[in-house]
């Protein structure tokens, strides 16, 4: 079913990388886990949102008197009832804070919130929506970036000429000189589609505003701290007066760390009627009015030597930003940066990215954060170049790949890199498969990814990650973290790091997360940052607590100063004489007494310094996907896959495997199944009948060879895993088709019809 | 609107309900009885998050009228464990890490346990995959779930063992 | 949001038909409701009365005898058909179709009759049953009538049923000697409805194709027979070129639509390929069948 | 004649990389904020059009056009001193 092998594993650990159950497991397999979706508060009302039927329109007037008059309706809110604050997660840059979650005078996409109702039942709220009269002045809409930049295109946001929202420029070396020296230059245009996050739990929030001016919010999100900060802005409140509780979260994938209509509307409504209000998006609302992976148009031009040495690349990208910025500005930068990955460009690299507003669903971050699009284009082009030059695609990649100690000029330093071994592992796997059946081929794709972002567009005054470790008299541990578990297993990972560091058992550790009142600020779960950043904070907090414990151990041990003590698996012992020692719980009691009853408390913080512009560390991977194609119908089937993956030191064994398999399924969907077609700004498949996602029968084995490297910046040498693997798969599928028939797929996802047409085209050319 | 009284047997417990006849089984279980383990992920009978077992058959509780289940035995994820002891499939889910966000897990468990119950003799991996075909999981990529079901079918959690 | 309705629970089919007569236009019959509840939720239908026949055990049967063939009762679920050994032996194509119909949960609760009554041209049972020359017995207080399934669908999501009628039974004649049916749908996901579905029944006589029925799903507003393709096959000596021609004929005579999933042109292409493949598969099966 | 010494950005005074005019042009596109756009437009060019040209056609034409303008402007200002 699946093979998981670890290359050069480290064995010095007692908890790390052992078979530890997910700490939330019991709750999740017994139906006990309660999500925002399940929250019910006394006196709670149910909210519904009225959404724009127009892609682009001015709101002349809204009359909700009839709705208010409906029995059971307690409050109605429109943009006029709000501060009308334009918000965005790029708090540092006012230009990019462009979204009012309840629009005041203009709608820019179909599904944008126009008004919200709170009533005693969901059904009444829904009836009330029909009674709200909105007078629109419909404006001309524009839906594709290449149309939106035309002179005659309608202006979506005032003052944004040609609807250009953000531009990004990345450059190092001398690209032009590179092209002058190149033996071979290849240029291609690509197109990458959008993709829905499709969290199983749709956007949901329960807000309770109380007369003391405090606001408590249950919300399904990836970063309670961000929500607290952003809500303070749009509600005109102090962060400290807002408590955000994120209970179990039903998935995020990059779509839940911005404010959404649910959290804002419930807060506004609750403040109006002083009662808790709950809004849960329907699946259709989640499709048309959340956000999505950014669709992109890619131009990539690459210059090489005939021996396959990569000299230079120039990329120009237009992204369909949709109606608002969201995290799109970051995706725009990262796609440009990762389009250079994982290769060394001898002469230089240049990227110009343009994010264009359109009257469609806002685009934002989604697992991979711009990199899947970048790799879809880059890794296919690399494959084609290797074929054009008759070179072995693996060896050509290998000779150009990043290496330990390489510095991406002005961008990043690579402190650990296991990609070289990845090539070996995939070669072994290909060899082990022998001759493939007719209609089968293996496609390859390499890439790398970041371990958390260094950029602080959110402008937080706090350190990026914080943790508090408190030891009770019986040796149990309260671990308070701002890190958010959205299913990826961060609670478990943090518990493991804490137990390993402190020397207690995993079951001694209770993880407290997802509540801004009780946990320290942390930027939360995005950009694969938590294992490295929150992990470092937890490690330091545990070390701090452990140091305080050991002070007492030393004091009572009377050991010669040259001997050192440690705690492992609840055993306090001399490192040179492990058999000599005492019980950890006993030590905790004594230490407590010694501190006149104060509990031992350790604090840890982490913010990356001197680590370049992007990220403190980078993971690397090479993936092979065996694809079967029905030549007559163009239907694609994934038969098998192998990923050689370098995530530094694995921490959470089960979690890691789950993340890699899960990323594969999502990435494969992006490659050949998941598309979001728009007609005049209307999403044509906002439901799970017409939006296709991989299901169990379509999922191939996702074999993994984990290359253990040591990342000096990561806790115990750990770095990113699980998000980066969303990057290679689409290109690998494309490359399999290329290998099979020599057809070059330039648009993803690859529909069977596109395969059939490409084959027809090829035959036509052949004649 | 005329309400109806209905006796619903969930996890071997009779519940007297007084409901609007349009109430869906999932609504009866979650909103009226208060067992929130069963989730809802769509309105199109697609995602399977609401899967429960009715008279031994896995069904999607979002596309069944509660009224139609009078006199039937309904099993939800809360009913899998027997006084504190997890069912084999629950243990297997823990061992294989066959869940991440956990939102699809209750439905997934019900499809799996119905399949395990009705399965006699050997099954192929594809049969296991088809047994959870009606359940979407966005997190795991399914393979860990398939491994968990396989482990139970292979008797890894049978009485006496483990 | 489903709008309010009165829930009626007849104790027998007879009582059900009386209720149906009484409320004719403002009522809907529900059994599995796997399609009905979805369209009710979308507000496409909002009946005042809903008559549930789920509990009618006497209508939940699956019978076969050599003379009359197969009888599927009104409340018989997909899963019952799928699991029946009799079906496996006598009508293997039915079982193969059922195994690929949506998901286990849907097959556990949904019924074959309900699927036919829904009238979705993308439904799986209709093409196969039409290829098997099946008919439906429609019941009402004023009696019963039998309609060949291929005449059951006048238009998209429409049937020839009167408002006081419902499908009480599906009748499939015994499989003639040297006859086989094959069905395949093309979809992106295993559990999906087909972008195109093709069912072909072939009767062989020596090395000739004696009779053939080619039925296309979601290739037109309703499930249709591809008569031109049938002409190509009937009387011909089965060969790849014959199958190819049959495919081309079917592709020419169907009228599929373009949508977000596939263009009209691609759907025609699929009709061609699937017809070719199913005709071939059916011929081979027929040759070796009793 | 040409400019002596590195060229600094006429808008924000930043010295881009090598201090060549072309690097300054890239810096302007890269920054792309209002002041930089306005300066380019004030030179009788259209920042947006150059940018679109740059992004939709291979090569480096727009950078070069802007670089020449920057060069001339720098010369003017040096003469001015």
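By letter and in written order, the chains are A, B, C and D; residue numbering begins at 1 in each of them.
Criterion: contacts are C-beta pairs under 8 Å (C-beta built on N, C-alpha and C of every residue); 3 or more make two chains touch, one makes a residue touch a chain.
Quantities reported herein were computed from a predicted structural model and do not represent experimental measurements.
C-beta contact counts were set side by side for A-B and A-C; A-B has more.
Between the Cα centres of subunit A and subunit B there is a gap of 29 Å. Once the centre of each chain is set as its mean CA position, subunit A and subunit C turn out to be 44 Å apart.
The distance from the centre of subunit A to the centre of subunit D, each centre being the mean of the chain's C-alpha atoms, comes to 37 Å. Distance between chain centres (mean CA atoms), subunit B to subunit D: 65 Å. Each of the following residues of subunit B touches two or more other chains: 43-44, 130, 133, 135. Multi-chain contact residues, meaning those touching two or more other chains, occur in subunit A at positions 689, 694-695, 697.
For subunit C, the set of residues touching two or more other chains reads 190-191.
Pairwise, the chains that make contact are A-B, A-C, A-D, B-C. Considering their complex, residues 122-123, 126, 632-633, 635, 673, 675, 677, 684-685, 689-690, 692, 694-695, 697-698, 751-753, 756 of subunit A touch subunit C. Remark: subunit C residues 2-7, 9, 30, 33-34, 37-38, 41-42, 50, 52, 54-55, 79, 99, 102-106, 108-109, 190-191 touch subunit B in the complex. By the touch criterion given at the top, residues 149, 161-162, 164, 167-169, 171, 176, 187, 299, 301, 314, 316-318, 350, 352, 354 of subunit A touch subunit D in their complex. Those residues of subunit C lying in contact with subunit A across their complex are 1, 186, 188-193, 260-263, 266, 269-270, 273. Note for the complex: subunit A touches subunit B at residues 1-2, 19, 21-22, 24-35, 37-38, 198-202, 248-251, 253, 282-284, 486-489, 654-655, 657-659, 661-666, 687-689, 693-697, 699, 701-702.
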